[in-house]
Each structure stands twice: as C-alpha cells, then as structure tokens.
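What follows is chain A paired twice: with chain B in the first complex and chain C in the second.
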Partner chain A sequence: MMTPALIAAAALPLLQNGLVVGAILFSLGLVGILTRRNLIVMFLSAELMLQGISVSLVAWSRYHGDFGGQVLVIFVLSVAACEAAVALVFVLQAFTRTGRLDAAAWQSLREDNLDRTVDREIPALDASSPTFPRLTQAGNLPETDEQAALQRDHV
Partner chain B sequence: MSPSQLLVLVPLLPLLAALFTVIAGRRLGSRAHLPAVIGITASALVAISLVVSTAASTSGGETPRPVDMVTTLWEWATVDEAYVPAANSPAAVPGTAVGADAHAARPLSISVALRLDPLTATMLAIITGVGLLVAVYSIGYMHDDPGYPRFFALVAMFVFSMSMLVAASNFLLVYVFWEAVGACSYLLIGFWFRKPEAARAAKKAFLVNRVGDFGLAIGVFLLWLTYGTLDFHDTLSPDGTILPGILGQTRLADVSGYVGGLVGTAICLLLLLAACGKSAQLPLHVWLPDAMEGPTPASALIHAATMVTAGIYLIARCAPLYMACPGALVTVSIVGTTTALVAALIGTVQNDLKRVLAYSTISQLGYMFASLGTGTLLGFTAAIFHLLTHAFFKALLFLGAGSVMHSMGGVIDMRRFGGLRKLMPITAVTFLIGSLALAGIAPFAGFFSKDEILASLHSKGWPDAHHAATGDHHAFLPPTGMAGATIHDVGYRGVASHGSHPLAVETVGLDSLNQPFVWQTLFWMALITAGLTAFYTFRAVFMTFTGPLRVPEEAGHHAHESPPVMTLPLIILAVPATLSGIVLFTTEGLAHFLAATPSFTAPAVVETASPAVFHWDLAIQGTLAAALGIVLAAVGHLGRRSDAPQMERWLGPLRPFLEHRMFIDQLYVAFIVKPIEALAYLAAMFDRAFIDGLVHSVARLPIATGAIVRRLQSGLVQRYALAGVIGVLAIIVILAWRL
Partner chain C sequence: MTPNVLLFAETPAGIDWLSPGVLLAAAVTSLAVSLWLLLPKAGRSGPWSRRMGGLLGLLALGLFIVTGQRLGNLGEEAVLLTVSLVAVVSAAATITCRSPVYAAIWFALCLAGVAGVLLVLGAQFLGVATIVVYAGAILVMFLFVLMLAQPSGLTTSDRITNEPLLSAVAGAVLLGLLSLSIGRLSAEEAACCRLPSKAAALSGAAATPTPATAEGFDLLAADQVARLGGELFGRHLVAVEAVGVLLLVALIGAIAIVSHGLEGDQAETSSLQEGRST
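Take a look at the complex of A and B:
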C-alpha cells in the first residue's frame, strides 16, 4: 500500500526530472531562435520551446494528479500543428521572395539611415544552377511539363 | 385674401421661382427663364393689387392717416427680459410705453414680420415691375449664354431679397436682406466670373459695401440700446402692455418719442453710412462704375432701378429718427448734393456708354439724398417720386444701352460707333425718351420729380418765399388729434430739450450747418448738376445715335435692331418714363399716397407739410439749365466723330482730372489699400517667423525622440526576439521581487 505521503515522495523526483527536461528543451529552443538565421531552424527552435513548456506542464499535471495540464498540452499540440502549417507557408513565401532561407535577407525592413548589421555575409545566389531542396522519392514520378520547369527560375 | 396675406406672396413667388430654377435649371435648358418670368409676373400683379388696395384705404379723408398692416409670419428668436430700460432711458420716455410699467424688462423678439404701407407698396411695385421687364428683356439679351439658368435664378433671388428688404418690419430683418441683396449684386456683377475685370469688380463692390454694412450693424445695435426693440411696429406683450416699436404708431404719435442729441445723430449718421454704401454715395461710390462689368440687364435692375435705392428707402423709412437730428439731416443733403455734382462732372468725360449711365445713377441718387435731407414732407415724397421716375427712365436707358451693346458685339465705347438711329430706330427713340426724362425736359417724367427736389431744396434755402406762398392752395395739414398743439411748442428738437436725459447732448456740431446759406449753396449745386446731367446725357445720345453710321467690326452679323423680346420692354418702359411724372404730379396721387406712410405721419414730419405748388420760377431755372446742357452737348458732339478737341478746349486741365475719376480710386489705393497690404505683409511675416517657428519647434521634439528610438528598429528578427526575452525576464524579476 502506498500512502499519499509515499506517493508524494516518489512523485517529487519525477517532477524534478520533467521540469529539468522541459527547461533544457526550452533553453535550447531559446538559444536556437536567438542565434540561428535559417528560417526553418528558427521555426523548429520555436517548436522546441513550445515542447519544453509542454513537458513541464505534463510533469506538473502528474505531480498534482490533475489531468488539466495534460489536456492543455493536447490543445497546445493541435494549435501548434495549425500554427506550423501557417508558419511554413510564411517561410515558403519568404523563400520565394528572396531565394533564401536566411532571416538576415530581410534586414532591409530596418529604419532608414541605419547601417546593415553583418556578422557573416549572406552568400550570393548562384542564379545559373539553383539548388532546390530534395525529398526522398515516394511513389511514381509525376508527369512534368519540362518546358515550364526549365523556365522557372526558382520554386 | 387680405392685403397682408397677399403681401407674403410678393417675395414668396420669386423665391419659389429661384429655388425651382436652381434645382431644375439645367434640365429646362433654353426655357430656364420660365420660372423666373412667371414668378416675377405673378408677384408684379400682386404688388399692383397691393398698391390699389393700399391706395383705397388711404383715400377718403382730407388729412392722411397712417396706414400699415403688419403680418407676423413667425418668431425667429425670442429672449425674455433682454432689455431693462434705465430710469431715464428714451425707451421709457413717458407716453411711449402704454400699459403696466414703462420700466419693466422687455423681451428681445425678432419676429419675421412684413409690413404693408404706402412706401412699401410703392417700392414693391417698382421692384417687381422693373424686375419683370428686365427678366423679359434678358430672354433676348442672355440667350446662348452658358450661365442662362444661373442668371434667371439670381434675378429671381434678387427680386425676393429686395421685396423682403422693403417689406420687413424689423431692423434685423432689414439687415439680413440688406446683405442678401448685396450678395445677389455680388453674384451678378461677377456673373462672367472667368473675366478678371468682372471678378475684381464684384469683389470691389462687395468690399466697399461692407463698409456701409458695418454702419448699418452698429446703427442697429445703437437702436436696440436706445429704444429697446428692433421692431418697426408696436407689439402687444402677453400681459397687455404695448411695446412701442421704433416706427410704430405709439411712438410716432409722441412728439418726444425720438432721441436727438449725440446718440440720435450717431444712429442717423451710421444709417447714412449704410445708405452711402448701398446707394453709392461719396465717399463709397467707387464700386458702382465698376459694377458695370456685370450683364446689362442686371445693371439696369440692380445698379440703376432698385438695389441702389435701398439707401433712399432706409432713410425715408427712418424719417422720424432723422427729424430729431437736424445735423444729420443736413449731412444727408450735403453728401447727396456733393455726390450729385461730383458724379455728374465725372460723367461728362466718360466714353463708355454704361459708365456714363453709372455716374448718372450715382448723381441722381445724390439728388434723392439731397431731397431727403431737407427733412420736409415735400422732400421725402419728392425723393420717392424721383426714385420712381428714375427707376423707369434709368432702367430704360440701361436696357437701351444693352440693346446697343448687344448689336455692337459687346463694344460699349461710344467713340467706336455712331449714327445708330438708322440701324436701330426703336432703341434710338426709346433711348431719346429716357434721355429727355433724365435731362429733366418737360413733359417727361424726370422734369417733375427733379422740379420737386429743387423746390424742396429751395424752400429750405429761402424759407420766407415759400411761407408766403401758402394760403391760396389747400394742402395736407397736420392731422389733428394726433399730436395736438404741442407740436409747435416742442418742434422736432423735442428730445434734445428733454433736459433730464443724459445722452441728449444739445451741442452737436453738425446742427450748426442747418443754415439758409448752406441750403442756398446746395440748391445752386443741384441746379448746376441739372445742367451737367442734360449735357452728359445728350453727349451720349449724340455720340451714339447721330452722325454718319459707324459700326465696329466686332458687331459682325449682330449689327441690326434687337429682337422684339428686347425692344418690347424698351417700349413699355418708355410709357412711364414719359407719363409717370405728369400724371403723378398733376394728380398729386403719389404725394397723397405716401403721406399715409406711418414714418411720414410723425408730427415732426407733418408740420413741415407745405402746399404742393408748381413753382414756375424753379421750373424755368431747371429747364434753362437742362437746355443749356443740351445745347452745349449739341455744339460739342452733334454729328461729330470724336469729342476730344471741343472738350479739351472747354475743360482744359480739368479733363485728365475728371477722366481719372478725380483720382478717388487712386486715393483709396494709396491711403487704404496699400497700408492694409503693408499691415498684412507684417502679419504674414510674424506668422511665418514666430507662430510657425513655435509650431515647428514643437514638431522637432518627436523627431528628436524618434532619432534615438529608431536605432532599435534594426530589421534583424533575432534582435526583436531578444528584446522579447529581455522583457519577459524583466517581468519575472519584478514579479519575484514583489513576491
């Protein structure tokens, strides 16, 4: 028989572990979003922060024996899925505008008369042979209009 | 319908016509004149029926009794207990407030009230009659003008405003419509607003009139302070007290009902200033000659026959006020006579046919002022008589000039055409009739009215000669029972001798001008003016209609007699220009009729009544002066091409002086316009340097703040995220601290 006190004693390290994992995830995400320039990586970092919070929510939920926190996490996950869809569209649009995934390419949105901040130059676009991201092939190749594909300068 | 209900129709119909034309004018196209012509016709018929019905109610007794019918349409504004008469205020002069308490507080009530009396009926008949003929004439004159509907809307609007002006029974309403006719005049002078001269002339007329309007405004304020009401008519307050109106029967019957002295004179002079502005008297006459830039029918209606007589109307209406201030009266005459002479002199050298007529209008209006200033019943009725005949013959002359201008392709310089009698016989004959009337040749209309004016001036200059003539003629004697025997004891200086009143300062310098030799001078000036009038009128006739035919090339295919729609009004106007004088003079109809106007039944006016005698000596003098003028004009211009050699010899160095209109415009520019422009320049400098500097320095503050903060806006999304993180950390730290 486990007394409530025993349960509490056993639950405390579990909570601590959960919170530590959550904090690590959150910090990783925070550092990622502040330091990376790739839009997709930044987006992933933001997701990481979200999951860190979710882990800590689950830990607290279990500690208190209350399912409210876990239910909240389910909600967070579904909202995050929607948000991911929208965010990826933005990323895609940003890429089609500039041909880059670099956030620094959008620096021109700064105030007038301010100098550009450069830590590492954005590599120049190789307009002759653009490299597109590739996915693993799944199923048969779709019929493509070769002519149209040749005339597209980017995705 | 009762006359007072009919009275409402006179302004209402043109107003409806104007509104209809404004709304549907474009759709009516070339029929846009219909609403205005129909509206003014109906209103003219109503006005004539009003004259008849008013005349019926005045006739019957040997002595005129005051006739007025007041229709109050609605109360515009009412302020209770707005005026508390002081203990010795003239508003509380014993006998002027009938009822419980003369010193009780009175309301300020601005009632939209119309008043029908002989003076109003006469004015309405003139306004709508001439208005109708001018509207018909304009059908021909204005055809094919792009602003056709606009013109007729404005004419109808003017007839409405002017009818309201002469029918209003409240000084504030008079002021409102005084401005309204000014606005119509402005819009019609600037009718061809794309022409810079017309736009300038319109602005000038408006601005010069503002000076006069200022006088009217201050005068109305003073009237309110002095009399505690603005109504002409007596009003019955709910508690049964009669509040005497300024020109109501109660006050008129009271010999000491009007304030003389300093305040009275100030009121009269301010009203005179207003009249000078509207009626183009010295020194505010400068706008009228320039106003000829407007369409000729508008000049005939507004700047010859009706609007410019508003000043005459105002002074005639306020006759009892003036009777209490002999100094103001003599000022009216001096202003009028001087204007008459000066304008006639300038008119003799003008080469623009319309300008000649404009100066002639100024001069004739001066005549009317001179007559009003005599302060006798004869003077007042003579002024209105001359107003009436002048309206007919001057409208006739203007429309004739318009007819000439129409067929000469817009050329109005008399040196460029001549001998037009063969080309346009109807215009020539009617113009000649108008000129004979203007010159004062018997038996045309102007002769009789001018003779009465000369007689009224003569009676002031040589009072003995006229008193001796009394006796064999029956005349309108003072209405018995109205004022009693005290009239002669108190005289028209009644209030001035009311010693208790502090404002009734006896010594007003102007009063000392009321001397026979002043009046004698004025009479001679008027007589000289009569000669000059005949001279410049016939100079214009000879230059335009006699000699070999000469037509400027601008005329083109227009060089022929005007269409019937234009000549018909000329022929119709020629009839009263010929007959109105002799008919109204021999029957004494107008004088009797006008004597029943309430303003002229004040004891001070009535006691000046003199028998209407035909003064043979004056008639001969006037005719001789006119004949001399015509002969001089004939010598100088009959059949001649240009007037230059003759005029040079006669006028010598005076000619350039007169041709530049006595440099009055230049004086205004030098002494009024330029200083004001300099002041405006200074003000603009102050505005730009100081006020704008202040505003700009305030605007620099957010710019400076922004310069610091905008450095944060780097465009790097990581920085923004960092700012967010720092913010969250700060909140956490603060929360931890507080906990």
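Take a look at the complex of A and C:
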C-alpha cells in the first residue's frame, strides 16, 4: 500500500515522463508534416501531433488530480474525428482532380515570390524493395483470352 | 526518460564532461542525424544509411532513458518504458516509412502504445476510447490508402521528401528545448497554476504545493469512469452540446463538398464537351 507521501514523491517524475513522451510524439509528427509529400502521410503526422498533446494533457490531469485534462482530451478526440472526415474528403477530391496524392501537385496555389518545386534528383526504386514469396505451381496455366485482357481497365 | 538537466549545476568530479547537458546535446544531435538518415531522400539512401539511422535513433532513445527520472516503482516504470518505446519507435517508423500503407500500419501500432501510456497515467476511459475511436478511423484511412495507392509501386513523391535535413534539425531542437524545460520543472512550478481546493479555500489556508495526494487517490478510484462522465456532463455540458453540433456540421460539410465537387466535375466535362462539339 502506497502512502500519500510516496505517491506525492513519485508524481513529479511520472508527470515529466508523460510530458517527454508527448513531446517526442509531437516533434516526430512535426517533422513528418514538414517533410512528407504524400497527403495521407501528412494527415497521419497531424494525428501524431494530436496524440502527443493528448498524452501531455493526461499527464497534467494525473498530476493535478483533476479531470479537466481528460475532458479536454475527449474534446480533442471529437474535433479530430471531424477533422478526419473533412480532410479525407479533401484528399479524395484532390486525388480525383490530379490523379496524384502528391502535395506538390497543388503548387500552382503557392505565393508569387516562391520558386517552383522541381524534383531534380529522384531516387531510384530500392533494390531491396519487398520481394514476395513465390508459390509453387499448382496445376497447368489456364488459357487466357488475350482480347479480354487487353480490354480490361487498369485497376 | 526525462533528462534531469541542470546545465549550471555542479557535476560530480571526475566525470564532469558527462553532465546531463552534454548528454542531452548528444541525444538531440543523434536524433537529428538519425531522422535525416531515415527519411526518404535522393542520393545515398541505401539500406546501409537506414541501418545507421536506426542505430543512431536507438542511441538517442537510450540517452533519453539514461538521463531520465526514475519513478521509484519498478513495475510501473517497466510498463511505462515498454509502452512508450512502442509508441515512440512506431511513431518514428510512421514518418520515415516510404510506403503509405506501411505508415498507416505503424500508426495503428503507435496508437496502441499511446493507449498504454494513457492507461499507465491513470486515464482508463481514454486509453480504451483511443483504441476504439482511432481503430475505426485508422481502418477507414487504411482503406483509403489501399483505394488510392497506385498499383505500380511507390510514386515519386513517396520516395522524396522536402528539406529532410532542415526538418530533422528543427524537430530535434524543438524536442531538446521541450525536454530541457520539462527537466527543470520543479514541484512548486508544476503546482503553481493549480486551483485551490474547496476545503483549502474555505478554511483560508494557503494552498500548499503538494500534488496529487488525496485528490490523486480520487482520480484513480474504482468509479473513475463514472466520475469522468459526471464531470463531462455536469460542468462541461455546454461544450458537449457544442461538440455534438460540430460533429453534425462536419458530417454535412463533408457530404456537401463531395456532392458539390462531383457536380462541378460534371459541369466542367459537359462544358468541355460542348466546346468541342461547337
């Protein structure tokens, strides 16, 4: 059984640990949203920042013995749900218009005094790209209709 | 896990070069270099540099753990360390993974770690709600990724990033500054903005900066979720109603954007066709 004095002594390190975990999550999300160009990964990075904030708020709530922080996290969850709905609709619209999930596809919206983003050096595909296992052949290859294969739309 | 940084404090003789400030600087530097190596970029980003980046990231994590505050309770400490490691490592993998599908999966694992941290911090309802709410949201997101991802491998924009070096340095410096201020947090400062309890205010006694003693027990009581619900629907009832309206507005707005966008596309294509036919 822990006495209140022991709990009070352990409260500050617990608060600091929680705050540091929140800070790490927030910083990683910030790096992600600054660098990544895929719209969906940028969205995930924003959610990562929200998670960091939630951890910090709950740590403060535990420290102060008050439910205010947890109530605020519930509101953060609700607003994040709204944001997810609207943002995914925007991402879908952007994809249907440009056919790409690249944020640079919308760089015609930039300010006048900014330079155009040009991918000068495009990295090659990794040689270590995932190699999927090959199953052993379990029968003869069926005859395919070449005409139908040509007419099939792309996936 | 928290760097107990007292930059100008006296360091023990003999290892004065190994002060917490130096350790924090080393952690920040290795984190920046590791993120720069891990982020997808042009040039020499082979498997070797990624392995190196992973090692440096583990070194930074180890430095953060070594300079951290101890909780004094070994079991709680081990659990907190495990779940925070899961959360942090999978968060780093989320932003450094090239494939958006893998990023979504890593993010789901990160949410599991965050839910564990919330449980350790005594937020039972939020720990479970994070899993339930975000599992649904992430499932939808994952389906989106699968629907929109090009079948012919990774696109160019997945293999390249904007300013990886500057962003990694900015993130690491932000983390260093945050953990510096967190490490300097003392009990008096942490309790400064706390409202005096009702009993203390009534008796006129000065609020003593002793955190989470009696009320901390209340926070971890067995009927914690019921008390959280009471707080939510009692003191914050107006905010709950406002959030409900916000959810409805977001739903209607999303539907409106989709249907309007479709109409706009049809109008554009029909006008184009008219222009061609005339």
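List of remarks:
Basically, the second predicted complex is superposed on the first by the 108 of 155 C-alpha atoms of A that agree within 3 Å, B and C clash if a C-alpha of one lies under 4 Å from a C-alpha of the other, contacts with A are read in each partner's own complex, and residues count from 1 in each chain.
By our rule, a contact is a pair of C-beta atoms (placed from the backbone, for glycine too) under 8 Å apart; a residue touches a chain by one contact, two chains touch by 3 or more.
Because the structure is predicted, anything quoted here is derived from the model rather than measured.
Annotation: superposed three-chain arrangement on chain A; chain B versus chain C shows no clash, the two fitting side by side. Of the two partner chains, chain C is the only one that A:V86 touches; chain B does not reach it.
Judged by the touch definition given at the top, the superposed model places A:A138 against neither chain B nor chain C. In the superposition on chain A, contact is made by A:T35 with both chain B and chain C. In the superposition on chain A, A:A148 makes contact with neither chain B nor chain C. In the superposed model, A:V21 makes contact with chain C only, not with chain B. Touch criterion met: A:A103 reaches chain B and chain C at once. Ranked by how many residues of chain A each touches, chain B and chain C are led by C. When both complexes are overlaid on chain A, the residue A:L114 reaches chain B alone and has no touch with chain C.
Between chain B and chain C, the shortest distance over C-alpha atoms in the superposed arrangement works out to 8 Å. Chain A residues in contact with chain B (one complex) as well as with chain C (other complex) are 30, 34-35, 37, 103-104, 117. The touching residues of chain B, counted against chain A in their complex, run 710-711, 713-718, 721-722, 725.
Remark: chain A residues 30, 33-35, 37, 42, 103-104, 106-111, 114, 117 touch chain B in the complex. On the chain A side of its complex with chain C, the touching residues are 4-21, 23-32, 34-38, 40-41, 43-45, 47-48, 51, 54-55, 58-59, 61-68, 70-71, 73-75, 77-86, 88-93, 95-97, 100-104, 117, 119-123, 125-126, 128-129, 154-155. Of all the residues in chain C, the ones that touch chain A in their complex are 1-3, 35, 39-43, 45, 47, 64, 68-73, 76, 80, 84, 87-88, 91-92, 94-95, 98, 100, 103-104, 107, 110-111, 114, 117-118, 121-123, 125-126, 129-130, 133-134, 137, 140-141, 144-145, 148, 151, 153-164, 167-168, 170-172, 174-175, 178-179, 182-183, 185-187, 190-191, 194, 210-219, 227-228, 231-232, 235-236, 239, 243, 246-247, 249-251, 253-254, 257-258, 261, 265.
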